Structure formats: structure tokens, C-alpha cells
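Below you'll find the structure I mean.
Order of writing sets the chain letters: A, B and C. Residues in each chain are counted from 1.
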Amino acid sequence: MSVAEAVVEVQAKAKPDWFGKKQKKTLTDPFWDNNPITLQVLGICSALAVTSQLKPTVVMCIALTIVLTGSNFVISVIRRHIPSKIRIIVMLSIVSTLVTLVDQILKAYAFDMSKELSVFVGLIITNCIVLGRAEAFAMANKPWPSLLDGLGNGLGYSVILLMVGFGRELFGSGSLFGFQVIPQALYDMGYVNVGLMVLPPGAFILLGLIIWVQKQSSKQFEE
Amino acid sequence: MVELISIATKAIFVENILLAFFLGMCSFLACSKKIETATGLGLAVIFVLGVTAPVNWLINHYLLRDGALAWLGYPNVNLSFLQFICYIATIAAMVQLVEMVMDKFTPALYQALGIFLPLIAVNCAILGTSLFMGTKGYDFTESTVFGLSSGFGWLLAIVAMAAIRTKLQYSNIPHGLRGLGITMLITGLMALGFMSFIGINL
Amino acid sequence: MSKAKSNKQVYIFAIIVCVACSVILAGAATLLQPRQAVNVKLDIVKNILVAVGHTAEEVNSATPKQVFDMYAAEFSETLVDAENQGADSTFMKQELITLSYPRQQLDDMGLSDILRIFNSKKELLARRSKKSLEQYDPGYKLIHIWKPSGSIEAYVIPIEGYGLWDIIKGYVALEPNLNTIKGISFYEHKETPGLGARITEDWFKEQFKGKQILEPSGELASVTIVRGVASDQYSGSDLTHHVDGISGATLTCKGINQFLSATLATYEPFFATLRKAG
């Protein structure tokens, strides 16, 4: 469903100018109006597990945006040479090479973060956004629009993820980025953290509510 | 034997790959509208997991991990950086196989699953299981059991969801919440239910 | 998209992709590997330092070199085998050399590094010598001795075991009387953030300080994390073996209780001889 929908909105030919209206639309559409998570139903999988606190969420967003932009670009560059019989496996090889690179770099330069994300960095490979956008957009478009599309979708994904992470850490632990923001006075008055928010079900419920708000605001209803 | 049962119970209920680890959400959300499709996809996932878990275990054990190449005379070679790419290649190959088998024997189901059959390859549940069995240090039999029961847990979750969504057609849901929104909320509630299994030790 | 390609083209393309991917990955892995190894080691050393009472801020603001120097200046390492006899790295080195590790490189390494490599190759070595792992394993235990100013001020031992989701690793530091806990630290865990992961928070680790692992009679009692508040449930000398639990993380705590007491039990015979020697 999601991929098929995504195929429809592919623009077959991009104008030669680099920052035209169309390019801007490619970049900004996924932020809200055509968000990969809430409207295309892509990439919900591995991401939600790391959103119980904001810090790992931010790292995850950066990692995914880099991988998505990179893979869209590379696949688009070689799209004419990829034999269609083995295209899935070729795309996956390229994506997993990029992911492994990111993983290795995290291990070398941001060790604490890579410890926190553990196997979830690897799971970016199977994040449906990456393959979904590669199949739906990069295989049919020139490198530059593909790069923008990857960047846009990565950022759109980050928007939703950060919202979920913000809500979960604020209500679940009373802090943001590890700093206490809910004052002690409130706790003394009997306020307690919502334990549900740090647990997996909290993420689903929060995301469900975000989708509700978004569909109301963009008036895109499903039957 | 007791250990194997414990691993299976844990993978199916306590650490349900879908509801506790969020893995395999995309196809879960998209293919849970009808029970038949859900069951078909679930069975395909069990099969793919049942094959890829032991195969990937062998690859990791005899080719990739630190010291794995000792049988070739290279005890100090560590190829674990090739883990992701090898795992995903195995999975993609297996999915291709399932696709061909289904096309031949159950063409109706093959049509119904459509795009989501090749997308099993990027079903995080499958790669996730392969990676988790590494961090948990399972041996060959344990990995196979773990793979099969993770798949079964996934099947259980998707069939349950499909059943709920069938009933949901008769309820009056706010417009904006219809479709994905309400599905997320229900998934949350189901995850809550599955969490009550936590702490069961066998 | 492209026209249908001949099989030959498909094969050539597949091979090109394979080679390109593996060259890039192998290159990155080789380049970054030394840095990653340093990170892993640094993390461990930092935790040992924190366990004996250095603050996290102090350790984290230091450069890697300063941290390693601090460790080298303040700690010495001792190895005991399964029978609690003192041991050195000779046997491990011999075995690792049969796996073609260069001797020079091994000689430059510290005891803990050699033990780490040895432990990672134990299974392989056991299979080589046609013994089961239990038969082969010399059961080496490492003890880090803290001598910040000449005299012994703490013994630090590694602890490791399953929490709720996965293995938790950490260090316990004991006062020279080998009874009172000086500090505890946890690293490498995958517990639920906000629940089980609170074991790394300071208030939780602080409460272990001053607790005793022995009964007045000399029996090993370990320290147990209770459900709820310890002082509501225990008093007097019992309270010295119990600390407050974390609500919502009962199973993580249960895991820690188990592996903490199991690890202390394996070290206990050696500690007993140390205590006797005074």
C-alpha cells in the first residue's frame, strides 16, 4: 500500500535548475504533508525502540538521515546499470555497506552512543524508509532530486521521532536530554512520572495520537 | 530441553519480537486488514526465520566472528564487520526462494501479499532475530528454536491484530483516527497485554 | 528503468558491487579498528576508576591518555586460578602464541588485556586441545588492586551476568578488610531506559557504599537489592546486606542479586586466605 502510494507521487523528470520549486517541494513535503512515518507507513520498526530518551533518538535520526541520503544518491547514480532481477539484493548491499560504515564510525568516535543504540544501528538496514524510497524514488529519478528526497524523508522521519522522544522522556522520566525539567516541587506535591511512557506501549499510543492530530490538520482521512 | 522450551516461550510471549522490540512493524500494519493475508504472511515469516536463523548462525560461527576462520588456519581473523551485509544477503536470497515457491504452489496468496512479499527481506523482525541471537550467545539448536518461535510470536501478533481490525469495521471511530491511528493505539494496548508475561521464567 | 540484461552482465554487475562494498568496508574496519579497541578498553578502565570512588565528571573530563595513566599509576593487577593460587600470564601467552599472536605484542600487553583475548579464544583453544571447555578452562580470576599511595586501599573485581534483557557488566570495589563495599559501577547493559537502566544512576550505586558482604559469623551474605525500601524491611546488621530497589525494575535487580552473590562466592575462598594473612 505504502510503497504503491509512494510510486504515484514520483515525479519522473526533474527540472535542470537545482533549487527550483519542485526541488524545494521534494525536500519539504515529507516534513509534514507527506510524512514517511505517519502517512506513508514506512520506517516505524526499529526506530520506536530507541525513543524512550531524546539523546539516542537524536543519534538515530542523524544516522538514518545520513544513510537515507547516501543510499538514495548512490542508487540513483547507478540506477541505469542495476539489473532488475537482482535489484533488491543490490540495493540492500549498498544500504548495508553505508549502515556498517555509520556503525563503525559511531563505535570509533561516539562510543557511548553506539553502546546505547546497540543492535538498532544495524536495523537501519531494514528500516523500510530506506528501501522504500530507493525503490520508489531513487530508481526513477536523477541523483540530485534523489538526494533531496532522501534528505527530506530523513528529516521528516526525524521530526516525528523527536516528537515521540520528547513526549516519552518528558512524561516518562521528567527530563529532557537527561536534564531534569519537571521541578522537584511538583513531585513533592504528589506528581509521579508516567511509567507507561518509557515502556514500548507508550510509544505506540503516543504515535497513534500524533497521527490523529496530523490527519485532522491535513484532512487526509482513511476509510 | 527445558532450556529450549524456555527460549521458545520467552521469544513468543515475553520478548515478542513485534510488541516488545518494535520489529517488523511496517508489514504488520499494512497486512493486518484481513485474517487470511495476515496468516499467509505470518507463515512466510516463520519459514524465512526458521531457515535464516540457523544459516546465519553457521555463517557467523564459521566465517565471520573473531577466530571463526580457525578451521582454515586463520585464528586471528575477525570479519565481524561483514555481519550485516552477509546476514541481509542470506535473508534476501531466502525471501526470493519463498517468493518462487509461493508463486508456484499458492498463486492466490502470492497475489494477495503483492509487494509485501519481497518486503519480508526488509522485515526488521528477520534481521533483528539474527542479530539478537548473536548478542544472546545461543548455540545452533537454540538459534533455530529462537528463530522459529520469534516467527511464531510475530504470526500470533499479526493474526490477533487482523482479528481485531475485522471487528473494528463496525465501530464508529473519529475520522482522523481511522486507519493507521487506531491501529497504533491498539498495538499499544496489545503490547501492554503482552507485557504482563514479563518475569515468567521457565 | 534499464532494459533486460543478459545473464553475463548480471553476473559482472553483482561481482563489481560485491567487490566495491567489501573493499570499502574492509578499509573502514582496518582504519577505525585501533580507535574502537581503545574505546572499549577506555570504557572498562573508567568503570574501574569510578568503582573505587573517582567521580564520573573527573574521569569523563580526562583525556584517554590521562585515564590510562591514572589507572597505571594507581592499580596493579593480580591473577588467581581456579584453585585460588596466584598465577601469571605464562600459560595464556603460550597458548595464544600457538594461535600465531606475535610474542612481542603479548609481552607489551597488561594482564587484563591478555586475559580478555584469552577468554575470547578459550572455546577455540579448548577445541584444539580436544578438551571440553570446563576441563580446559583454568578459571582465571582477575583482581585489580588499588594502591593510590603505596598501601592497598581497595580490591576491585569484575561482575557480569544477566539482567532482564541482556548481560550486565560492572565492577565491585571492596575495602581492604574484604568485607565492606567501597563502590560499584555498571557498564554495558541493555536494560530498559528509565527503568532497569537506572542502575547506572548515582543514588542507586551510592547506597552500596559501606554495605557488608559478610555476616558477623564470617559467612558470605552478599548484598541484596530488595523490593521497595530496605530500611522498612530490615534493621540492625541485616540492613548492612540490603539496599533499596528500583520500582518497575524488579527483574533487573533480581538478576544483579544473583550474579553479584555468585561472583562473590567464587572469589570468597581467595579472599578468605587474604583476610587470614591480614
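Criterion: contacts are C-beta pairs under 8 Å (C-beta built on N, C-alpha and C of every residue); 3 or more make two chains touch, one makes a residue touch a chain.
These numbers come from a predicted model, not from an experiment.
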Between the pairs B-C and A-C, the one where more C-beta pairs touch: A-C
Greatest separation from chain A - chain, by CA centre: C
Distance from the mean Cα position of chain B to that of chain A, given in whole angstrom: 21
Centroid spacing, where centroids are CA-atom means, of chain B and chain C in whole angstrom: 32
Chain centre separation (chain A, chain C; CA means) in Å: 35
Residue numbers of chain C (touch at least two other chains): 21, 25, 28-29, 190
Per-residue overlap in chain A, given as positions that touch at least 2 other chains: 93, 96-97, 100, 104, 118, 199
For chain B, residues contacting two or more additional chains: 81-82, 85, 135
Touching residues on chain C, where the partner in the complex is chain B: 21-22, 25-26, 28-29, 99-101, 120-121, 124, 128, 164-166, 190, 250-251
Touch list for chain A against partner chain B, complex: 1-4, 38, 41-49, 88-89, 92-93, 96-97, 99-100, 103-104, 118-119, 122-123, 125-128, 130-131, 196, 199-205, 207-209, 211-216, 221-223
Chain A contact footprint on chain B (complex, rising order): 19-26, 29-30, 81-85, 88-89, 92-93, 96, 115, 118-119, 121-124, 126-128, 131-132, 135, 174-185, 187-189, 191-192, 195
Contact set on chain C toward chain A in their complex: 1-2, 4-5, 9-10, 13-14, 17-18, 21, 24-25, 28-29, 32, 35-36, 39-40, 42-43, 188, 190, 192-195, 248
Interface residues, chain A side, partner chain C - complex: 52-53, 56, 79-86, 90, 93-94, 96-97, 100-101, 104-105, 107-109, 111, 115, 118, 139-140, 172-173, 193, 195, 198-199
